[in-house]
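This is the structure, below, for whatever I ask next.
Naming follows writing order (A, B, C and D), and every chain is counted from residue 1.
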Amino acid sequence: MTVMLPFLRRIMPQLITLAVIVGLISFMFPGFFTISIANGRLYGIPIDILNRGAPVALLAIGMTLVIATRGIDLSVGAVMAICGATAAWGITEGYSLAATLAMALSAGLVCGLWNGFLVAVLGIQPIVATLILMVAGRGVAQLITEGAILTFNHEGLIFFGSGSLFTVPTPVIIGVAAGALATLVVRRTALGMLIEAIGINLRASTLSGVNTRVLLIAVYMTSGLCAALAGIIAAADIRGADANNAGLWLELDAILAVVIGGTSLLGGRFSLIASLIGALIIQAVNTGILLSGFPPEFNLIIKAVIILIILILQSPTMRSVVIFFSRDPAGAGEVEKETVVP
Amino acid sequence: MPQSDASQPLLRARGVRKIFPGTIALDGVDFSLEAGEVHALLGENGAGKSTLIKCLTGAYRRDGGDILLEGEIINPKGTIDAQAYGIGTVYQEVNLLPNLTIAENLSLGHQPTRFGMISVRDMNRRAREVLANYDLSVDVTRNLGSCSVAVQQVIAIARAVTLSGKVLILDEPTASLDSHEVGMLFDVIRSLKQRGLGIVFISHFLDQIFEISDRLTVLRNGRLVGTETTSDIDRLRLVNLMLGRELEEEIRPHGKDHTATGEPRFSFTGFGRKGSIAPFDLAIHSGEVVGVAGLLGSGRTETAEVLFGVSHHDSGVASRGEGTDLHLKSPRDAIAAGFGFCPEDRKTDGVIADLTVRENIALALQARIGWMRRIPDREQRAMANDYIRKLDIRTPDAEKPVGLLSGGNQQKVMLARWLATNPSFLILDEPTRGIDVGAHAEIIRLIEDLCAQGMSLLVISSELDELVAYSHRVIVVRDRHHVAELVGNEITTDNMVSAIAAPEKETVI
Amino acid sequence: MNARLLPLVATLVIFLVAYAICYAQYPVMLSTRVIGNLLTDNAFLGIVAVGMTFVIISGGIDLSVGSVIAFSGVFIAVMLRDTALHPMAVFAMLLVLTTLFGAAMGATIHLLEMPPFIVTLAGMFLARGMAYVLSIDAVPITHDFYDQMQSMYWLMPGKGRLTLIGGLMLVVFIVGIGLAHRTRFGMNVYAVGGGANTAALMGVPLGRTTTAIYAFSGLLAGIAGIVFSIYTSAGYSLATVGVELDAIAAVVIGGTLLTGGSGFVAGTLIGVLIMGLIQTYIIFDGTLSSWWTKILIGMLLFAFIVLQKGLVWTTGKKRAAGG
Amino acid sequence: AQTVGFSQIGSESGWRAAETTLTLQQAKDRGIDLKFADAQQKQENQIKAMRSFIAQGVDAILIAPVVATGWDSVLEEAKEAEIPVILLDRMVDSSDDLYLTAVGSDLVHEGSVAGKWLVDELAGKDCNVVELQGTTGSSPAIDRKNGFEQAIAGHDNIKLIRSQTGDFTRTKGKEVMESFLKAEDGGKNICALYAHNDDMAVGAIQAIKEAGLKPGSDILVVSIDAVPDIFQAMAAGEANATVELTPNMAGPAFDALAAYMKDGTMPPKFIQTESKLYTQADDPQAVYEQKKDLGY
């Protein structure tokens, strides 16, 4: 119990935000919580949010780790496209499902390796390093599909997008499983601390004997792997690889999810669970906009305003204002960040 | 109500309070500074000295109390305000911008302009003039980041001096200076004093306190212990005031008699790196402390960095014991060989500010064990608490982010990190920098204990007394060459000074 | 030579070599026409990249500029269509608007201690959203004043044109260089990039500087918007998607570090020209499929960055070894 | 041989890939040296490409303009350099003496063909229609919406109840359709779907199936483009109608160009391609077989 408390306190702002947004939608749309079973699959708006949020949630897992090392991965959208295209290509070429999946996942790992190599070995700044793959990656994906949407009808592969296991949609299961696995690996081993250490002070970590180079590469590879999973899901969902549009601009959503999840873009302390909730918040906003029936030209403004409100409420300044008003000088263990007022 | 009149002290703090979560850093502290005096501020690591001056200059928001300048209540909202009031400050960690040139750093905020444009020529000329007072001949168009910590420190001081119309505050300005620079600084301080400035001076070097200060104020655990006239107090009583107890032993100013013999544990032959340190030979025996002496910028840090693989050596070989060659291309190689290295610049090379004390202490050990086998929380906590006790690290608990600790305590955490790995050869670069008298004695005792347990140490220090106290051998570095080696009874301050100063290599080799 | 200039020189050398290679293959490359095009076609990108350089030197990033350019175009077009205002008056209103928009983002970044990436991302959504609300349709601009501005160019020998907007870009660069290296504001930008807290301790007015930086970027995005509207005589809410990434790439190729604190406005000009050169080369080649175009742009970006790093590194090393 | 520059918008959809493939094919068949430039969806890149073509001195320029506005000055430059320009598949709103001719379909007309089909199909029955728009602000999205609305205007039995953007993509088409279904009583409230392109329709069809409804009968599906995949859906009875936008714009363009080059014959200013309506009656499987290798 005592171990859970700081954890709960850490994700509380995200949980509250999610609750408020879900509350808003269900107020607007009273049928929100009705969940039924259609075609042997759970069916309802909350399920949609989970299901549609899964790719961004997956991306957010890798992105959280990358951002914790003070990096950023702009290429995840393009990597999704590459891996989706690889999967579609593999299955249409007649490879077995296992081989196809292996190829798609390896494609993600290779992309991650490339990014990691640029960042850790060549010392190129992460934004630029991953920008290269962001630009070129979509070209690679199109090269595989030759510009067309490569469709397939293999039930096994389609299962990853629109299948379900015990009535739960597969993407949700994959997302939850990946999140749980990543959390477990990162927190049960020393990886989490080492990643945070290199994010906060790379040089000091190297001097302390942390194998920063390998760790950085591994983190980018994880991001590539997550993007590969997301890419497979996205392709399986529409039964085709759309090299142009798969994952387009999703990197921004993933970064947003991480930031809403409270991980600083300057690296350091991170929380995977909070990022996952962040991904759900974003998807809830998107779904809410779709349900609202507003004309689409307002979509961006609504999204921007909601995001701004969320971020303003979560900003350190606001938090200290809240602490100030709640008259809790001990700050409940929270570290007051001294603002140096010039 | 206080009136503005001549009898008022120049700068006065009344009942200043500052509370951090879990710590009361300042608890109603009074402090007053007269014009034309040097007022020393003393106290153990974490006593609240830095916090007090940050409150005085508005860098921190106070939680209570008043600040009066010449009798008027002032409320500086930040450094700019403080500068406008004529208060110049050098904060504890060097606070300059490594990406700007020396001249730009000196003139930031008040650059000479002509028709609204900065006149670079004027700016550089002024910078050269200012630095001439400090006997520093550097290219002022060089990036500050390429200068050693010491040079940066001097520049920070020079900047603060040019900014201070009434008050100059120096937080541990001498921590990384050698005696020559310190002398220079004191000359400057004296001339400012003549001009009627009030100077606040923080240092852990009692000699310097006695040399320069007129009055002193002692803080302990955020509380005011007292203000005294320096000439009325003796060393022992001062230490007593600071620590609240007797200091058991002071440093013995003589070298070790014992000279290590037999097989060296590690030996380095022709080790060097072009452009940073000339090839040198070095043998390290078990249970031996090798001191390294030299002026600032002489290449002491470079020696350590080449040994630890931070910068790759491009000549020479290293070996363990008799034969086996050591491959030292990176810190990881060095750590695998049983080395440890506590770097000089703790802010950029040492602490991981946002990680907790516990994690910082466990880091090097964890890195060596590998990421798979996480040291269980319980063990980490036990280890951390153990070192917090042993090294007397002042922190409410092991879960405090290390960046929030006072400077000296951060230094101890770094030491703890390396002790936890139990290295056979530990390199310490300026380990006592910024450490209070009590802890200073403890660290020296620790060094002696470690070497008694058979650990080999290479200690770089600017404090020659300290080197004399614990070294079995002292290597003197000058101009990137190892120029002399003093053994046993030869290790005296005088010998070292003459070896450091000697223009030719005629000293004992 | 000053060590600080190394990245700049490296970039310049790479640009010249690349141009020489292109020239060897297509001699037309050196015609005034191509050179004029290079300036005109990249004018809006260059202008916005100057603002981006300041932002990046200060350690920030501004993702909103592409959307702000689109918004500017739509704003101008709609104002000119629906009101009788003179374009100059509309420009003035627009520049006030975009400057305030930038300032608001800067103030948010400073006051709420939020990362620039996120604040300007929201700004990016917001600005494009506003453009949609003004008009989803592309709105043509038909105004004599626009025709005049378009016909203002200097016909260089060889039929190349140095247009008004190309010239304007060069002026903006000169002003930008002066601002960066010869004013207190510029120095403060470098200082903030070197370390915001330290800069504050040294007396740099952090809030004012941050606000001013983003306001300046907003102003230049507005000017770029005007230039783009002259370039296309239209306002279109879907225009200039992703220009922020091009601008960032140009700034980085120009030798500015994304970590902040070091870089050159002049380098950005070369960066912009390099990007333009890559595109011109690909068009001249004319055999690349859509996907190979993308892959090649990525690879060339990579090559330039690696070359530049390599050059800086080897010369830096030689210098160290030499003494 | 002639050198012709071709400035393509990009490769954002299968349809456009097919257009590119066919253009290259046509050029090759006629022995024309085609310089291809992909603009990655950016008008500025298309203008750059045009200028570079002019600097290179090509014999003619084909351009598929990403947007109607903003071409005046570069078209003038081409005219000054005496290089004929032919517009493909989309129009520009510049004066028509600046280009030789435009080959394309009428986007508004396409929308109204789809609308008219629905009107006829319903024959007066009440029907709630949901609409999947293209990318907000793009001209096909605006025009196809207008055309459809014109066609259903005055038919009070047809109500457009929801309209959202699906960005012309399958993924978004599916996601938006899912939310339409949820919002409209599990889809029971919807009788027809109008999608601005086939890709979104294909995505939406999957969403309808996953919701346990039958596309094509429970919900009528009409869309535009006529890409091969929609014919498969039509063959399976899951889609009802599509309006063809032929990707072969280059053929007529090259014909007009050849005639002009030969003896200066001025082609008409607008060569409209047919907006053919395909329904399930048109043997969709056969059309699919015929179209599937065209590079869609």
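Going forward, a contact is a pair of C-beta atoms (placed from the backbone, for glycine too) under 8 Å apart; a residue touches a chain by one contact, two chains touch by 3 or more.
Fair warning: this is a prediction, and the values are worked out from it, not measured in the lab.
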(message) If I average the CA coordinates per chain, which chain comes out farthest from chain C?
(response) B
(request) If you tally contacting C-beta pairs, which comes out ahead, A-C or A-B? Let me know. (result) A-C
(message) On a C-alpha centroid basis, what's the spacing between chain A and chain B, in Å?
(response) 43
(request) Take the average of all CA coordinates in chain A, do the same for chain C, and state the distance between these two points in whole angstrom. (result) 30
(request) Find the geometric centre of each of chain A and chain D from their Cα atoms only, then give the gap between the two centres in Å, rounded to an integer. (result) 34
(request) Could you check chain B for residues that touch two or more other chains and list them? (result) 59, 78-80
(request) Hunt down the residues of chain A that sit against at least two other chains at once, touch-wise. (result) 142, 147, 297, 299, 340-342
(message) Residues touching two or more other chains, restricted to chain C: which are they?
(response) 132, 136, 200-201, 203-205, 289-291, 293-294
(request) Work through the pairs of chains, note which ones touch, and then classify the graph as line, ring, star, complete or other. (result) other
(request) If two chains touch, include that pair; go through all of them. (result) A-B, A-C, A-D, B-C, C-D
(message) List the residues on chain C that touch chain D in their complex, please.
(response) 26, 28, 31, 33-34, 37, 40-41, 44-45, 132, 136-140, 150, 228, 231-242, 276, 279-280, 282-284, 286-291, 293-294
(message) Residue numbers of chain A touching chain C in their complex, please.
(response) 72, 118, 122-125, 127-128, 131-143, 147, 243, 252, 255-256, 259, 264-266, 297-305, 307-308, 311-312, 315-318, 337, 339-342
(request) Would you pull the chain A residues touching chain D in the complex into a rising list? (result) 29, 31, 38-39, 41, 43-45, 48, 52, 142, 146-149, 151, 162, 234, 237-240, 242, 244-246, 248, 287, 290-291, 293, 295-297, 299
(request) Please name which positions on chain B make contact with chain A in the complex. (result) 19-22, 58-61, 77-80, 308, 310, 330-332, 335, 341, 343, 348-355, 359, 362-364, 366-375, 401, 404, 417
(request) In the complex, go through chain D and note every residue touching chain A. (result) 10-14, 16-18, 20-21, 133, 136-137, 162-165, 167-172, 174-176, 178-180, 182-183, 199, 202-203, 206, 210-212, 229, 295-296
